[in-house]
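Next up: the structures, one after another.
Look for chain A in each of the two complexes below; its partner is chain B in the first and chain C in the second.
And then the complex of A and B:
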């Protein structure tokens, strides 16, 4: 009896959280002019319009480039930082570790304003590069957390064994450490990409004039009117940010299974 | 020629000295064991030979070449780790072939050598499997195959058996010795297990607190301990306080509280010079308990009372009180064991005793 109540409550909570998302997806296929109920028919019309909207396409390209660059830079830095923190006795290791994780703990608005004021103070103009820098700063902790956790689990003696067999430290890294680290590197990269792709707060503060990412573009569009295109765009975003990690996970599982679990 | 030479090696970690000025010569083809409790410096020494640690002082040579500044991947060593350290993302065959890649071995040749190595460790069928699909004992054999396939100058074994369960450990002990014998490779073995050391080694180096306590053949170290630490660490010993009266002829007379005067053969007391305080060492299995009425037959005999009996099947370990002393005796059981509270005659042959000087 008690458990049934809990079960029903849980289901209601999930419905409350996911119904709006489902509605957006549903309405993106609505043939009506207005992005709301009632549904007047099933149509891909808004997706087609979306594909023809120059501003959105530009924003999409910007987001893709920004997300990919953020993922690559953040992952490269994150792997290097994790290696240093886990494998070497860096002085002030704990302080560095805390500093690297800090961007998660600090509210994003604060971080955004702080970086903006700092750039102002240095009289550096906003640019795409600085936007990228901002995204790297707050995706880095996720990469580091994931990679570090995995790296701790890779025994040092496996690397020592490789070196004793004749592999130089660099060869050991690429032959042994990196392949064993791959799932975490992959996961970190996906994290970085989706977080960057989704981000609006920081991006609003940091983006140079005229540059829009998908979230800021949606935000701008919402200020004028609620176009059904936004629903379609939302659907595309959901597919990307939910589908991509799921796909990645599936690939990682495959890879793991192929080498004997 | 020596395969490995350590000359005045010192290793410090900050204020702590892990290895005190140690020199050692490991002859080509021999099986040398570094034996001691954890923290005695044996693994530190092994890691210095391997190149995983730099000595603070001293010189390490492998086959006559000074290797202090040679990094591990250029030393041509085979190392087997306690936890196997196989590469989990590579098949068994790829694991074994790993070292050959860096030695410019042709593909066909490499394949052949991998097969030979698998055969040597008696696992010819597992080449395509991944390490996780093998048992602990099998994984350790693969680790051994991987280490020896590169024909290293020296094989370093860091407690390779301690992660295995008891039965497997004894099998692997025999196996390891067989393989070492067959390929005749110089081997340095690190363990805290005295039975492994005694069973496998040509030479045992007993270490304690970063110092070499004694080095020698297994029988030497076991029968003629040179320090109290060695006497206590290997086997079960009774160590009695006594006074040496100096050597006379081939014997050294030791006066002890419990057994009176015992004349120990000179070769069992090599470190004892002149008179003064000394220790008498009697192995627990050399101390015989007998019924008081039987003939001592030339043995030194004193009366004692059995306090505790630890029954072990074909043998028993007795704790016996002789005067103020509590002694241990491990005897084969003839008919039935003595009972607690029995009065017994405690006997020992002088030539089964060893004597050492009082620790400085």
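And then the complex of A and C:
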């Protein structure tokens, strides 16, 4: 009896999580003039309008560029740091880990304010560059956590074998370590990209006037009323942000399988 | 340089870019806003450097700020309790279910990937004047006029729970997975009922995960300003909204610094207390 109760409760929790999202997707195909019930028919018109909306397309481009740059920089920093933490007996390892995780222990609003005000003091104004710095520092801890978890599984003796067969440390890194690291690097980049693509809390503080990312664009559109276009945009975002990680997962699996691991 | 010395230097070379970034982009800026909070923004819009207590005096004694801080803690507290009540049984079900655990977990991770702003605004489609709920009630004849159910404290909490619940479930799940299932069986074979063995064996052992999930829900909930802007009414501002107002709207950056530091002090104290009793390891497990 108790177990069935737990099961029923869990189903309700899943419905709670997914119902609002499902409604967004449903309403994005609504033929009616307004972004609301009742549904008057099935139509793709809002997706067509979306594709012709210059502001939204611009926001998409900004988010894509920002997310990609964030992913590259954050993952580069994160992979190097994770290598040091997993591979070496660094003195003060715990303190260093805590320092590197600190950006997610500080409330994002506070991080946003501190970075904005400090860089402004250094005469670096609200700009794309400031956005990038902010996104890098905010995503770095997530990358480090994900990459570290993957690194632990890579055995050191393979590298030692390469070195004992005469490979230089640099050769070993590029020919042995890096290919083995690839899934971790990939996971880190994907994670950083998704977090950056989704961020609004810090972005609203850092973005210069006139520049919008997809989330801030949606936020600005909400100020008017909820139009079917927002639901269509939401559907595109859901497909992208859910589809990309799933695709990434599949690719990572395939890469691991191809290695025979 | 000797081989040993090079070996010893290598990790620091690897760490230095990330550490430099964190120091320059987080710790120095935090130190800077501590100094900045003692400056004054004058009527002309220029900053007057110095050691003025005016901002702190205003932030700490004005009942307006105190009330909103208390209200923020209340909203975050209710959100956390609701997340625990909803999330614990779900996590227990996933951890103890036979078979399709991977699918259940994957389903649970999906909302993590769905945009926060989309998930927040999706409630407008459900509870708004022309939302799903109203249209069902209207067609059933229960109401004759659409009812505005949005833009109050309850909908802010609802939005926060929807946003934070996966954090809770994931953390509880991780700690439940670490518990040997046979312990409960052992308790039962010694004469305890299922319920009793859960209360006295499983629940206490899973408390670290519950605490980690609770901390995340509370801290993330108390630091938000987007949810109240989208789902709250004019009187539902949370403390982070005050920070946003001071920095972006009023451009009073010294006051904004003081308010940010207040929020950091309150939420940072919670993290430190948690760290003192339970350590960061549990939290990292749930995040990683």
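The rule is short, and it goes like this: the second predicted complex is superposed on the first by the 249 of 261 C-alpha atoms of A that agree within 3 Å, B and C clash if a C-alpha of one lies under 4 Å from a C-alpha of the other, contacts with A are read in each partner's own complex, and residues count from 1 in each chain.
Here is the rule we go by: a contact is a pair of C-beta atoms (placed from the backbone, for glycine too) under 8 Å apart; a residue touches a chain by one contact, two chains touch by 3 or more.
Not measured: the values here are computed from a predicted model.
Three-chain overlay on chain A, with chain B and chain C fitting side by side and no clash. In the superposition on chain A, A:121 contacts chain C only, with no contact to chain B.
Vertex at chain A: the C-alpha centres of chain B and chain C lie 100° apart in angle, rounded to steps of 10.
In the superposed pair of complexes, A:166 makes contact with chain B only, with no contact to chain C. Set against each other, chain B and chain C differ in how many residues of chain A they touch, and the higher count belongs to C.
Look at A:157: by the touch rule set out above, it reaches chain B but stays clear of chain C.
In the superposed model, A:103 lies in contact with chain C only, and not with chain B. In the superposition on chain A, A:86 makes contact with neither chain B nor chain C.
Contact with chain B, but none with chain C, is seen for A:176 once the two complexes are overlaid on the shared chain. After superposing the two complexes on their shared chain, the closest approach between C-alpha atoms of chain B and chain C is 5 Å. Partner chain B is touched in their complex by these residues of chain A: 155, 157-158, 160-169, 171-172, 175-176, 179-180, 259-261.
Partner chain A is touched in their complex by these residues of chain B: 50, 52, 71-79, 81-83, 85-89, 98-99, 101-103, 129-130, 132-133, 143, 146-147, 150.
Listed in rising order, the residues of chain A touching chain C in the complex are 2, 6-7, 9-10, 13-14, 16-21, 23-24, 27, 34-38, 76-78, 80-81, 83-85, 87-88, 90, 96-111, 113-119, 121, 133-134, 136-137, 140, 142, 144-146, 148-149, 194, 197-198, 200-201, 204-205, 214-215, 218-219, 222, 226, 230-231, 234, 237-238, 241-242, 244-245. Remark: chain C residues 10-12, 14-15, 17-19, 21-23, 25-30, 32-33, 36, 86-87, 89-90, 92-94, 107-108, 110-111, 113-119, 121-126, 128, 130-132, 134-135, 162, 165-166, 169, 194-195, 219, 222-226, 229-230, 240, 243-244, 247-248, 253, 256-257, 260-261, 263-264, 267-268, 271, 280, 284, 287-288 touch chain A in the complex.
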